[in-house]
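There are two complexes below, and they share subunit A, which is joined by subunit B in the first and by subunit C in the second.
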Partner chain A sequence: MFPWQKQKTEAIEKRKARKISKNLKDNVKYIEEQYSYGLNYDFESRTIQGPSGRYHLFFYSTTVDTKQLSDHIVAPLLEMKKDIPVDRIVSVPNISPITNMGDVEKGLNDGSVIIFKQGIAEGFEVNLQDFKHRAVEKAENEKTVKGPKESFTESLPTNISMLRKKIPSKDLIAENISVGTRPAVPVTLIYERDLANEKVLENIKNRISSITVDNIRNIEILEQFIEERPRSLFPTLLYTERPDNVSNFVSEGYIAIMMDNSSSCLIAPITIWSFFHSPEDRYLRWAFANFSRLIRALAYFITLFVSATYVAVTNYHSQLIPIDLLLAIASSRERVPLPIIFEVLLMEIAFELIREAGVRIPSPLGPTIGIVGALILGQAAVEANIVSPIVVIIVALSGLSSFAAANYSINHTLRISRFIFIVAASFYGLLSLLGAILLWAAYVVSISSFGVSYFSPATPSTKSSHDTFFRMILKKERWRPGFINPKDWDKK
Partner chain B sequence: MRRLILILLFLQIALILTGCFDRKELEEQAYVISIGVDKTERDNIFRFTFEIANPEVGSSVSNVSTKEPAQEVVSVLGTDFLSATSTANTSVAKEITLDQVRVVIFSEKLARSKEFIHVIQSAPSTVDLKLNAQMVISKEKAEDFIRHNKPRLESRPHKYFQYMLDRARETGVIPDAPLVRFFQITEGDADLFIAPFASTAREPTDKYGAEDNYKAGEIDINGGNPTQFIGSAVFKEGQMIDTLTGEETRYTLMLDTTLPQQDILATYKDPLRPDFEISAKVQIDKAKVSIDYKKRGRSVIDVHVNAHLNVFAIPSTEDYMLDPRKRRILYASIEKQMYNKTTEMVKKSQEKYKAEPFYWSLHIRKEFLTIKDYEKADWSNKIFPNADVHLHIDVKSIEFGKTLRQSNIGKVRD
Partner chain C sequence: MQLTKKPLRIREMVVIVFMVIGLKGGDTTPALFADHAQNAIWLVPVVSFLCLLPPFLILMYLLKKHEKYNLVELIFHLLGKKLGTVLSLLLFIGGFVSMSVDMRNVMEELNYLYFPESPTIMIYAIFLGICIIIANKGLETIGSLTWALIPIIILTILAVMTVDLRDAVWQRIFPILGDGPKTILVDGISKSSAFLEIFLLTIAYQAFHQTKDFRIGIYTGGILSCILIVTFYAIYAMVFDYNTINNIAFLYQESTEIVSLGHFFTNISTFFMIGWLFSTFLRFIIFLYILCWIFGAIFEIKRFEGLILPVGIVSMILSLIPPSFSINELVIRETSLQIITPLFLIFPFLLWGTDRWKNRGKT
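Presenting the complex of A and B:
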């Protein structure tokens, strides 16, 4: 450890271990100094002179419920004539005695009220938190037509309450592990005690507790700290904002990772199939759900391969194209100055620009994107002989298909992989395209998420609910996913 | 380690630098639709004619149509397909590709000469040329055929060939003859190969030959494109020996188990009023051929053909629909007519050609254990010409189209 770091840690330890003094004045002076009383406009330090003694309250006026404070703390203290312990005077559900300054600081930071009494070397932490957060709203990024509509919000208690409502069971555990130092914040693991695999749980806990960083404020940052291959194109944690989706996963034996200030949560361990499944696949009836899966599967193949195949076939294998199409392409390309590969890349990049701009643009300007995108890049580019019409069709098709992906993370994977394939196809045509696909597939199969193979249960093959490519009729599903080795495999 | 990385890096560079060696942009190629091959005065030098499609014609509905012609025809001298291609490229700016060749046309004069086998031998070794291109024999010079062929309704030349060959094949007046079949049959050295016969020179004959008893060029058509596809050229051992009329071609295809025909339109004599004819759409099931091979003496070939007719027109207004007695006559008469024509065809091949164009050697091969035995038995010279061919033609059903009864001429003329 570096000397300056050592000094810092020692100072912090010393501060934390300081005992609460019997002398109220000492305590008040120390806390007011620590919390820059007077400078911090919302930090309140109030003395209450009641009949039973002299009390002092510390709290942030912005984080506590002031109505409860005056009704259940200030009023009883002022009225109580007998000298009895504080925890018997105040009428709040959540009060705990504390003895050192470390706990005082922690309580204040969490938004509690701290009560000191003259002559007692002990304080009380009263939990009256009232942090502001968004109400529960409709899911924005993972929409379904059929199924629950609510989504997580940026408050952990609200989110857990939504989960408890869905899984009312004593086996649903919400365990806290703290991460970071400035300040340490809790990460909550949600799992079913009688299902989740111990080894996986241990693995996740180890990875979280081995993080050495000053702070992690939300789940999106945490994801990048605990994943196995941060540079990989493939996400190994499922990011979802739907409580119903999370409860489905948790009741299969998966583990959910949540944090305050995140309107989503992470599911681990995960396989590639989960990214392609939508919660609606289970809510829809069997035939409809499988039809929707089929369409999505088609969309993935289109988005990955249609542009690459076009490049390969037109450049190297023109005999594969029916002659009418061939002549149509040749005639439309006669006045186009760019080689096919650059033509396709140009349009693909233009599409990515529209997409990126569409995400960032302030919503009042949104419609502009449509006009610019459709007119300028589509029609005008063709009329100006910059690109040929068929390329516009192909790029639009592959762009549109990429948004059929059920999950936002895998959407990026597909879109970036598409460029790899296009470039590969331009080297040796289908030969190099197939080579690239082979390497790509070999890489994907080699990935694992918290010890679970990325392609299971397809390979290695394990017992599962057979919900990989298409799903079965729900009544016939028997097994929980065997690849995460839950404590109880049998659903029935 | 560092060396390994360097080697990998260089390998990558090699990959990138050599990457584009085989790449051809689509618009930089000239697509040949049909190739014509003609005999010249000199031996083993041929005149190759390439018909190149103009992609700009008829490709886009919204674009202003260009004034350029739909095709360009270039003809050069050469010894084989590839060398002719490169010679032709001296006048065509784009790289000539044979990927999309649909039709290879040989003149009758070349087909009948001994040089034919030499020029066609270079086809399979021409990588670009696909062997499913159709072989067509033209009555006149192939170059003239290509230059005179002016389809009026199809703006693109390949469309004309595609529709024309597909349609004619369905009606059975020309055979399906991809180049690969020529090689199969010629190298098998047991059967005759037949290829479509076409002409752009009109020399109408006076006789009226029903609807298909013609050879190419003989049909009296006014207006339209001068090209006619009808009949076939017969090849024996890689050399053309004769031509068949459209009708003969149809009966030949009827007996062949490898070539499907779909809907043949044919006319038959009306059995009750011989001055009238009955026209019908005939559907013929795949023929069943069984050969009873006898080592000494005459082998017996049994051929079963089932036909289904859909009669369209009975100009004589005889009532075949409601009268079962007349219908029986009709069945018997059509069977007989078909039997006679087919027998004629078989007799012609046995006596005149001494070999058959029906690809029947496929059915005798299984009688022999080794290829040597088969070759020794000599299907084309010994077995077939002396065999007894029994034809069993069976009209399974006759339908009468949309009409339920004939109009009563007597009443109408009343």
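Presenting the complex of A and C:
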């Protein structure tokens, strides 16, 4: 540790270890100074002179429930005539004695009320926190037709309560690890004690506790700190906003990572298949679910390969195209001056622009995107002979298909990979395209997420519910995913 | 951190064997056999397999008996350091020559059929570069990758079979012995080392989850490969008939070239190139990796992945020496196979003999 860091840490430790004094005035003076009372407009410091003694309350008026404060704390203190301990006067469920200033600080930051009494070297922390957050709403990014509709919100207690409702079991553990220093915030790991693999759990805890950064405020940032390959195209943690999805994963033996201020949570370890699965695949009946998966699989292949194949085939293997189609393509390209690869890249980039702008644009301006996209980039570009109509069709197809992805993280992977393949196809036709696919596939099968191969259970194979491209009939699923090595493999 | 150690199992072994041996149905090997055997081409691999079976079984028996060793360690254990090095090196050289010659053939095929205007060396460089990069990732990646891509390859194989069978006339299989039994036997035995990879694959004996996985995998894969090769060769014989078959160099591609799918898709051979090219890539990735592994095992190089680049490049340079495809295929490949064959047929017996000799007092 550097000397200046050591100095800083020592000062903080000293401050935290300071004991609460018997003298109320000393305590009040110290805390008012620490919390800049008077400058901080929502910091309240209030003396209560009751018949039984003199009390002092500290709290942030913006983070506590003021109604409960006046009904259950202020009123009893004012009315109590006998001199009995504070925790027997105050009628709230959450009250705990504290002895040093570190706890006072922590309590105040968490939204508690701190009570001091004249003549007692002890304070009381009363948890009346009332942080404001959104109500539970419908899932916006992972929609389903059949199945539960609620989604996580930015409040951790609410989120955990939703999970507890779904898995009412004493084995569901919500464990806290703190991360960061300014201030240290808790990261909550949710898992089933009798399922989750110890090694994986240990690995996740180690990765979280080895983060050295001043603060991490939400799960989206945390994800980038704990993943193995930050530069990789492939996400190794699943990001989901649906409590039903999380409870499905947790009850299979996966581990969920949650934080306050995030309306989503992370699942680890994860394989590539989970990114292609929608929770709806389990809610729909077997045939319908598999049909929907088939369509999605088709969409992935289209989005990855259709533009690249068009470039490869028209440039290098035109003998493959049936004569009539070849003539059609040739005649549509007759007046287009650009080489095919530029044409395709131009349109692909235009599509990406529309997409990016569509996400960022304020919603009242939304319709503009449609006009610009459809008219200018589509029709006008064709009429101006900058691109051929067939390229517009192909790019629209591949762009549309990329949105069939069940998860937002994998959507980026698909879209970036598509550009790699298009460029590869322009070098040496199918030879370089297939080579690029092979390299890409070799990379996918070689990476792992928290010790689990990214492509399991297809390869390397283990006992599992074989939920890959297609799923089985639910009744026949016997094993939990063996690749994450849960403590109990058997579902039945 | 890896949750499961040695994760590869039976399925990966089956596809590895299938890729290395079975896909010889689609390269230039049938042309090599067809040169003499004519329309009895499908009987030649049967003879070869029958001829390879005893030495192979003996090798597998020895490996099973000495549980802890792979191919090179077994040779060292039985023959001692000096003799073991010589024999293993000979095996390595056999494999190396075979790989170089095969690779040149495939490159010529690719060049001639799909990229006639490109220089061979350019295609060769791209091909080899990709092989080297993937081979560097290790056996687990290779095994998994092979399994991940096998659906495409199987789909291609089935499609080719259906398409070819529409054009096949089964009577063309007669005369059943083609040029006569002698030609078949001589050809089958002398060129049986065209399938020598099955011996070299035993270097991976310890690399699977259990050694049982390896054994089941290699037997299943071997049987599947035999079936595939014989079926494919029979189809070639039925499609091309006597006297035409020995004038065609690329039977697989030619057979897809002459058929059409309805009136709309008239030229579909490039469709079948996808699976073929994938399998070719994978075949040489596995072959290259295994050769480097053997070399590393002989000279006790732990991190033999570093050898992949030099071995690959040397093999490319050497294989570019023959002036043309026909010389490469018909002179060099044929001669080299005839030289290599006895080595591969005899060495398991040699090992077996030493094993018996060493244990003579114990039973």
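Just so it is clear, the second predicted complex is superposed on the first by the 492 of 492 C-alpha atoms of A that agree within 3 Å, B and C clash if a C-alpha of one lies under 4 Å from a C-alpha of the other, contacts with A are read in each partner's own complex, and residues count from 1 in each chain.
In this section, a residue touches a chain if its C-beta (ideal position, glycine included) is under 8 Å from a C-beta of that chain, and two chains touch if they have at least 3 such contacts.
From a predicted model like this one, the values you see are computed outputs, not experimental measurements.
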First, second, both or neither for A:G123, with subunit B first and subunit C second: neither
First (subunit B), second (subunit C), both or neither touched by A:N315: first
Contacts of A:L439 with subunit B and subunit C, given as first, second, both or neither: second
Partner chain in contact with A:A328 - subunit B first, subunit C second, else both or neither: first
Touching partner for A:P279 - first (subunit B), second (subunit C), both, neither: neither
First, second, both or neither for A:P486, with subunit B first and subunit C second: neither
Which superposed partner A:S426 touches (first subunit B, second subunit C, both, neither): first
Partner touching more residues of subunit A, whether subunit B or subunit C: C
First, second, both or neither for A:F450, with subunit B first and subunit C second: second
Where subunit A meets both subunit C and subunit B, residue numbers: 316, 319, 323-324, 427-429, 432
Parts of subunit A lying in touch with subunit B, wherever the complex brings them together: 314-316, 318-319, 323-324, 326-334, 336, 339-340, 426-429, 432
Touch list for subunit B against partner subunit A, complex: 15-16, 19-20, 22-27, 29, 31, 33, 53, 55-56, 59-60, 97, 99-100, 102, 128, 130, 156, 158-159
Subunit C residues within the subunit A interface of the complex: 1-4, 7-9, 11-12, 110, 114-115, 118, 123, 126-127, 130, 133-134, 137-138, 140-145, 147-149, 264-268, 270-271, 273-274, 277-278, 281-282
Subunit A - residues contacting subunit C, complex: 197, 199-200, 203, 313, 316-317, 319-320, 322-324, 427-432, 434-435, 438-439, 441-442, 444-446, 448, 450-453, 455-456, 458-462, 483-485
